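Across the two complexes that follow, chain A remains constant while its partner is chain B and subsequently chain C.
And now, the complex of A and B:
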């Protein structure tokens, strides 16, 4: 009974409410590294994620439920299982991987067409900026055709998960948008 | 900024929904919204409800992806529930299981040992090929875990992996880890590793050399035996029973170390201990009065105070042990007396044990038992009464004194006089058996025959094949005691076509024996019926044989000679194991083999589990399986003893019945295989053994051989099938 009342209060005040954020992108883009950068502020050694990681973190008084989904071709079809009730999508792109920009673009636009994601904000990380030969944020933006996006708050941020650059900036923007649009 | 009304709606949706809403989409949709709720508590409640639905048998498999999302959580209760769900439904969503892999791998490194253990257990339980690719790292890690609780689970997982994918298991080399777990300091880990290795050995004996492993680790086993749980004890005792001691001293030591467990509350532990003791007993210098025998005896007695199901198992095992050590329970006859509230299956076994147990040199004991059996045969349960009557004759023949047998006979006559038609079958068989034991006793023969002769229409009183067969045999054996012989024979002759094979054979033999006393037309008609109208091959063969004999020049002498053969005395009607079978069974006490009296090697349980795994197998693998199957069948057939003596011995007959049933089964198994591999290809093999023409041809070829068994035929079919591959 106690838990029932507490959950009732939670709802009334929106206290324990969690915002669902998805981190997507092709395999090897750095999604898991970004997730743990956000969570524990450190670089962890990762293996290809077969399935998903999920962490709950509190950021500016908001509880975020951040899902990092595996990017392998075999797992991509199952992304859709996670779309429901998503506040925002973080799409991570490996800026050095010029060959697969087209694939990334295709996956991104395919995903954004989903009905369930119509209200979700989009943040793109042009990751791996620490690597030589990385495309700049604007170049990635062009490759991904981001300008074509209508009716959606989106932003692209150059980042390096290893060095921890750009991650907080990106998230700050995302939180602002979510607060403004959805709360 | 979204429009105001949208924001209000959203606010209402998120904040005011307090009680779970009854939506019109149905329960599943409701659960789904709960599972993906933004509130942790709601999600947990929804999981609980889902599991609840699952346990009452509703199909909630469609929620699989949504439940899976809740797998990564710090709440151990929730994790356990989700794991439970995943185990149950993984097979319905094999492709989605891959989403769980990462969580499994992460959980296998969780600081909490409970979670590590749960993760590896669930992961190895999911029978999905894709998941197995990722099992290596977590499995290896948990096998080396610091926590024994995790290790003991991981060693079992190796066996599970082996069952699901043998090649992978060998490739990963986890079997080596498993073997080294036998040296673990924790008793549970040792026990589970033993169980796991035993399982693997059962599935494929060529992979691990279990025997030598056991030889090497006996010290460990004995050391941990006292510290582990009862189930682990059973496993370890099982392993110990496979160990053959080097000398009498070691055997004695093992016996001394395990005897304490004879008093365990768990009957399985007791039986396993008995198994170890019996295995080592022959190597020590023991005598029937030694302390260990007394301990064994009291352990067996204590099993008799367990619930009826356990008693049944105990009785079956006692039956095996008694054959090896008949004197073991000789003072405990009383506890096997039947209680009024025993279930039927226990009662039947008890009678069997009682008769085996009774000391045939002790008249007092035998008489007591006789009165007891008489009581039983007046009960109301038909099977029980039937077994008791059978027991009467068994006891009589065991004791073997004429006076005593007369007493038995008096009881039987008394029973018949009570005018219950249902027991006439059994009484008839029992009396015939007594006569087979004492063929020279004319008094008894005339007494019995006069009773049976008084039956106007024996075919109405007697129902079973065996009983009728006995009756007809008696007609042939003591024709002078039957004043209305011709009438009786005619009754049976008229019904010839309706009788089963035993009775048909018996009629045939009896008429041939009595051909000088009966009109010639009777012989003619029985031979005609037996050759033309019957579907029983053995009967037909026998009739053909007689016919040939009769058509020979010196037919009179030949037939005379055939009929004059006196069968040996019936010494016992208590069935016994062959020494080979007995030794095998003694090693499998307390297992299911001891219930069916069929050693593991002869059973087909493993094939069943193969079938489960068979799904994705290549066709040539299947063919290999089938070949092995057929080869083992062929071996089995050589072992089968097709006794070719006639209906003289009732037990022999039972044996024959059994074999013929088994042969039929074999036919169908072969048949199935045949179907399996025909695949509608051009080589549609004719099933000659099902073909009547084929059979009669076969008989023509076999010509005059008496009692052409189906043995040779089925073997040739097996050969044909083998050639097919």
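And now, the complex of A and C:
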């Protein structure tokens, strides 16, 4: 009986549905570190991701199905295989890597053109803020041409996955947006 | 946990029909992409998908890719059973989809943090997703898994590493230490893992896997292998019998590389004779026998005998696999030295009626080889009863065994013939079976002359009622070929003519050709007349081909009285060398300079008389027999681990026989295309290419001797194996050992202008020689100017003068054997007695050689054909070799009997030769070694 009620509540709140969230970005941006920061709250040592990592986590009563796809050039073409039913994309940028900002911007805009991602919210992490010489969130935003984005809820948050700064703030925003728009 | 739930319910019925491919595909798409994932439904779907794939269904690449990606989404669910199904699906899809590498990170994560149940499976599936660039990322994982205390994990890691070897050798090479540890650690301690809910009992299989991997890692390092083997010798090291078998295979490899190691292994092998695992005993026996056959001098006869006794004792066990394995080894031994297997005959005989046909057939074929004059006919009568009960494939095996009998025991032809005739007429069987019988009969007819008439008569009976066109045509050809020379040719004519009356046009045409040959029968004008009248009648046949053949045959017969050439056309006395005929014809067809106005010139193609053809055929059969044995021994294991027995290591550097034939024809053609040699006239004989250097030398040189009527040409084929060095003006300086007395006069040398790396080219030296037989020996030195090459352009550096150099190669000998071609004679003893000039010589050999070595050497050096199966030495202390050949100069016959006795002091040889040509005889007999 108890379980019946709880599932009723779940349905009311839309909790039974798992939300698919993709973490994308160039290689070495810190995607895997962010994923495990979210899941276990610790910094794990990572290797370049060949393929993907997937973890299920509950955040504010929502079940999130978070996919962290590898960012190497050879793996990027495969991103699109995972776009279907995605509620939100977290795009991670290495704020110290000024040389590849243009590449990151190109990949980001290319991805957002995809039909399957039209309704997905976008959260950009300007990551590695703990490192000297990191660009600020607004600088990154300029580099990525974020203002050009139309018809999409987006936000950029300065973060440091190592120190755990900015991650929850960003995610809070994302959850709010998803709850408003999609549930 | 989940392993048990899986069995509980099966919602889908398993029917015999395959599920529809597209339905499954659509179901997979929807079910795998559902959120949340329903583990059970996914698992069932995957197994249905796997069933499709296992039945050979396949998906186009784009569908396979989509399938893979939807399956990869299942990694979000943490159900162990589902995960295991996903691994299997990835493995299967890896064959049709390139994208499986996308699962790499997820699988590696399972290896690190997955539940103990799935870790081994995860490790195994790594093989399918890793490639050269990603293998290194799994290095640390695999390394620690190899030394894991859990045998399942360790095994999985070892096998994955083994399979990764071809993909990323550099990575796996670094696992050598861990692998070594895994051999020594039997990993008995289990149960330290409370989560495990299946019974824990170690099979010690990791030792086998570790040994296999370590062998692959160290296979080029003989000393390391030897050390590993010795470490494994003590009984407590290897607990797994499969690992022991593997160890013996490693040892087999070692002894074939270095035969002297065998002695040090002997004690260990003897211990294993008493092993309680039959597989270990069998492997020991296999190793010893195969090694003994390749290197007889290293295995004492007592040890060999005890090995045979071991195998003999296995012939009485009730387990068919053991029986079969033991029989297979004995059968191989019996091909080379049947006398050693004779002691097993009682056991073998009791196996003839074994209910397992594989075993009974092997027993029979082995018995046929170990058979002696005494029991052959007995044996054949046993087989006659048996053969009707087995399938065609077995029958053919038996027929082939009987066929070799006829070569080995020519005087037993009567019972063999009766047997063949009996089964030909009275047993049921398909074409392949009947064909093998007819082939065996044809062989007996051509090599055992006494059997000719009875065999032909019976074949005549057979064709009266034969349903296979191909066989009829072959038999008719045989009758035409052999019939005219029998005592009663007219007998066959009747049978052949019956075919003309009764059969279809294919057979009628063959019969016409056969009939026409009888018209040439000597001293029987009546028969001649009747053939002509028969052919006239046939000339009105309703089929074109039959009519044409009859008319042509009549024309030939009419003109044959005056014209010898026409006789040749009816019954040809020689045949062409088919491979060079084919080659010539192809060039003729493709060049076509004047739209075929010049007729095809067949004169340059080597021709063989019937005796020569028979000699070649017999030689080929003899070689086939011994080669088949050796190959059988070398390649007896199908699994890749023994493919390691590198072909070059002990089969010797000899080229494949057929390849060698091709090579010599190729050399001859090259030679004859050179302008300078055209004036020498026809080539009389060419020797086989002989290697004059070690096979790993900087320059590999092969020498060929070509004889003309008044000239000798020495050809040296030189291969440059040095990288980045070109050789200019390469020639060979030949200095006669006879110095001033040499009868040969050097005419000219054709050097190689430039020899680039890894190119083989010939240089020639021509000598004038008096007519007749001239013997000589040359000391050869390779002379050349070496120049360095620019590795980028592959051209000589400009201004590089190069420097003169010389290189010693082995000497070449112009011996009596070079003047001889091997030839066949049906009755050696009569032929020997008939020849007029005789010569006797005695030799003493101090070298430690086996009689087989000496025999082989004699056969090569004399270029004669060994007859009466005397090329196989059956007694290790004495042997008689019978050789027959013909002079290449004038076709005179020469026969040679060599008796050899081996004692502790060495080998004594007595050679008595008889020949039509006295000089040839004395040169051959006195220059044997």
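General observations
Keep this in mind: the second predicted complex is superposed on the first by the 168 of 183 C-alpha atoms of A that agree within 3 Å, B and C clash if a C-alpha of one lies under 4 Å from a C-alpha of the other, contacts with A are read in each partner's own complex, and residues count from 1 in each chain.
Here is the rule we go by: a contact is a pair of C-beta atoms (placed from the backbone, for glycine too) under 8 Å apart; a residue touches a chain by one contact, two chains touch by 3 or more.
The shown structure was predicted, so the numbers you read here are calculated from the model rather than taken from an experiment.
Of the two partner chains, chain B and chain C are each touched by A:70.
By the touch criterion defined above, A:59 lies against neither chain B nor chain C after alignment on the C-alpha atoms of chain A.
With both complexes superposed, B is the one of chain B and chain C in contact with more chain A residues. By the document's definition of touching, both partners, chain B and chain C, reach A:50. By the touch criterion stated above, A:20 is placed in contact with chain B and with chain C alike. After overlaying the two complexes on the shared chain, residue contacts for A:180 are found with chain B alone; chain C is out of touch. The contact surfaces that chain B and chain C form on chain A in the two complexes overlap at residues 16-18, 20, 47, 49-54, 65, 70, 75, 78, 81-82, 84-85.
On chain C, the positions that touch chain A within their shared complex are 33, 35-36, 65-66, 69, 72-73, 75-76, 99, 101-106, 109, 129, 134, 137.
Chain A contributes residues 16-18, 20, 47-56, 63, 65, 67, 70, 75, 78, 81-82, 84-85 to its touches with chain C in the complex.
Contact residues of chain A toward chain B in the complex are 3, 6-8, 10-12, 14, 16-20, 47, 49-54, 65, 70, 74-75, 78, 81-82, 84-85, 119, 180-182.
Of all residues in chain B, only 1-2, 10, 14-18, 36, 38-42, 65-66, 68-69, 72, 96, 98-103, 105-106, 134 touch chain A in the complex they form.
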